[in-house]
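Before I ask anything, let me first share the structure, which is written out below as structure tokens.
Going in written order, the chains are labelled A, B and C, and every chain counts its residues from 1.
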């Protein structure tokens, strides 16, 4: 799974999809995740990074991560490879 | 480095008509303490869910109501409406503040007596008073509010054997310009039923007709309706004065004032729009003072206010069980409180506050209870911060009718605690247990054994 | 030329859907005020209200909580804005804002923010649901109307009204019904959206007129400009109109103001029937979107309203130019996404 290369996220959490013209807002942890995805980190690496920064157990985060990425897929911001 | 509080990642599409975080109808303030006691500690000690009653809020609210009326009218008496919340501890706070009792069944009547309310200070309302209820009430000189003619005749009959004059009033229903009109209780004003009943009582010569009562509805959003009601009862009283030279002692305007809750479908929050005690007091007092009662024969004004006095003093604390996404992509949150405990969620959009700090990010969420039925919905749509599993929250303004209308269904009913004026916590009702529940059951001998 | 004082004025209603908000028109009027200069603070509810991006009219915009968020949330946001901008005057331009702002008027005054709004009693009394009583109380012709709360009550309509009738929602929406069946359909549709009651109103055939004006709260007419709608959109909104000199409309306005002692801006929606009688259909408790026509004919109502809000004496306008028209145009602005991003994520621009 990859984030589309032309998707950018601003520090304030604004995401614009130039292909569809849609815009989105994300919260700070969402900004982190999108940036990790842009750095081509895989799920395991992202989970480790997030758990270093935030107080969260792995199963909880992974469930929420799947949900988040599911929505991004739905919004055509990521593509399955 | 200390880790940050976790919040689940959130992405929201900006839609043309979608308000952003600054415009949202969010319930944005965390409620981490109730009267100085931490929600977290309460749940740890007493389990989740948990009803919490604030004695401070009860007393403050009562005193505000009392002041609103007594600064405008010389003789005011509140009577605590037992059905609204009949935990003994709660009733007794009102009795300590000077409230009489208002009951609508033999069960509630006995509860009031057991709490130590003198019979003379109990108002007995309702359509279902048994012969033994009425006998007790006559003997104790309670105030019997007659609901229908059958009851009137029963009382006349009872006076043949009981050597006491029953102290009675009639309940009157009327058009006060509000919808719906409650016309199923008592005698109608407009069609002359009420006047007819009063004449029958006077003609019987066996009772003391001492008051007039009405209860025009509940959660009334129009203060004017109470002015109309007071004028109509005053009109009946003056009719009695003219025809029989008889003075009634009190006018009882029942309950019905709203709490701060927001009715479902209302656009503006109830806290902003619902009339307050001062508005009602102004209407009622002007109606009575401007009527033709002579200043030295002004009747006592009785109020049976329930909801408005206790609702905001009750909190329901709970815990998030799970977050899901519905088939249509909407956020669903499941909590450990169902409609079996929060009956009033059928009428109100109850305010829900998280019990811990959170960010301004929020999501439109449907809040479901834990019961296995589709109608177990606490809020169809609430903008809530991103609550995690295990997070605590507080549901506001649940003090009225929930602790009397709750159902034992699927789960057992939880504890109720009271936080007193010194922020000390008391258990006022224990959580139900398997034992307490099974005490009522009896399994016949032949059904006790089976093999699987 | 002496230098004019500068006032900071917050204005809402910057939207422009097919029934546009009055905000931008009010701001144009304030910019042309003779007695003061302005710094304009836009108050927006959504990220795409056009006024947000009109930098020649609006100096800075803040996003604001909806009225449904409650008075506390509104006050909190307002305290924040006030701490930065030091507002002198606040002009709310949406009907739905009025309830909370009327409640907040005294609090805002203590903070130094002035408003000029109708009283809660005036605001409630003119409500659609109460129009019949209003007409009776003040001796003003209104179409017969009746509030109904359940379908059962519609069966009496045929005997009380002649068809067609208007079926109206409590806040918005209206539809014409020519028979009982249609009343039922509209009743169900509108009540599902806006709740109860539904108002059944006599349908007055005729020509539509509007008056906008300003009352000083003591029964005096400070301003009044009558207008005939010339171009009406399918939503019933005027997209073009002309100022007229009808004496009777001015008399009716004077009567409305002297009887109710109306405080603030308003718009009267009138219908003239074949017998040449005026009926009052609705009273909008704020300035209309076409308020700039009033400025164009010589009555700068927003300027006068600001002065009244500040407690200054305002001489009533006594004349206006008849036969001036407004012709509305929708304008496509080119906006950088950067700006949209800022207002969307920071709530300020």
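Everything below uses one rule, namely that a residue touches a chain if its C-beta (ideal position, glycine included) is under 8 Å from a C-beta of that chain, and two chains touch if they have at least 3 such contacts.
Because the structure is a prediction, the values reported are computed rather than measured.
Comparing the chain pairs B-C and A-C, the larger number of C-beta pairs in contact belongs to B-C.
With every chain reduced to the mean of its CA atoms, the largest distance from chain A is reached by B. Chain A and chain B have centres, each the mean of its CA atoms, that are 48 Å apart.
A separation of 39 Å divides the Cα centre of chain B from that of chain C. Computed centre separation for the pair chain A/chain C is 45 angstrom, with centres defined by C-alpha atoms.
Of all residues in chain C, those that touch two or more other chains are 344-345. In chain A, the positions touching at least two other chains are 23, 25. The set of chain B residues touching two or more other chains comprises 14, 20. The part of chain B that touches chain C in the complex is made up of residues 14, 16-26, 28, 179-180, 265, 267-269, 271-273. Note for the complex: chain B touches chain A at residues 3-14, 20, 325, 329, 359, 361, 386, 388-389.
Chain contact summary for the complex, chain A toward chain C: residues 10, 12-14, 16, 23, 25. Chain contact summary for the complex, chain C toward chain B: residues 45-48, 62-73, 77, 96, 99-100, 103, 149, 171, 195-197, 344-345, 347. Touching chain B in their complex are the following residues of chain A: 15, 22-30, 33, 52-56, 60-61, 64-65, 67-68, 71-72, 74-75, 77.
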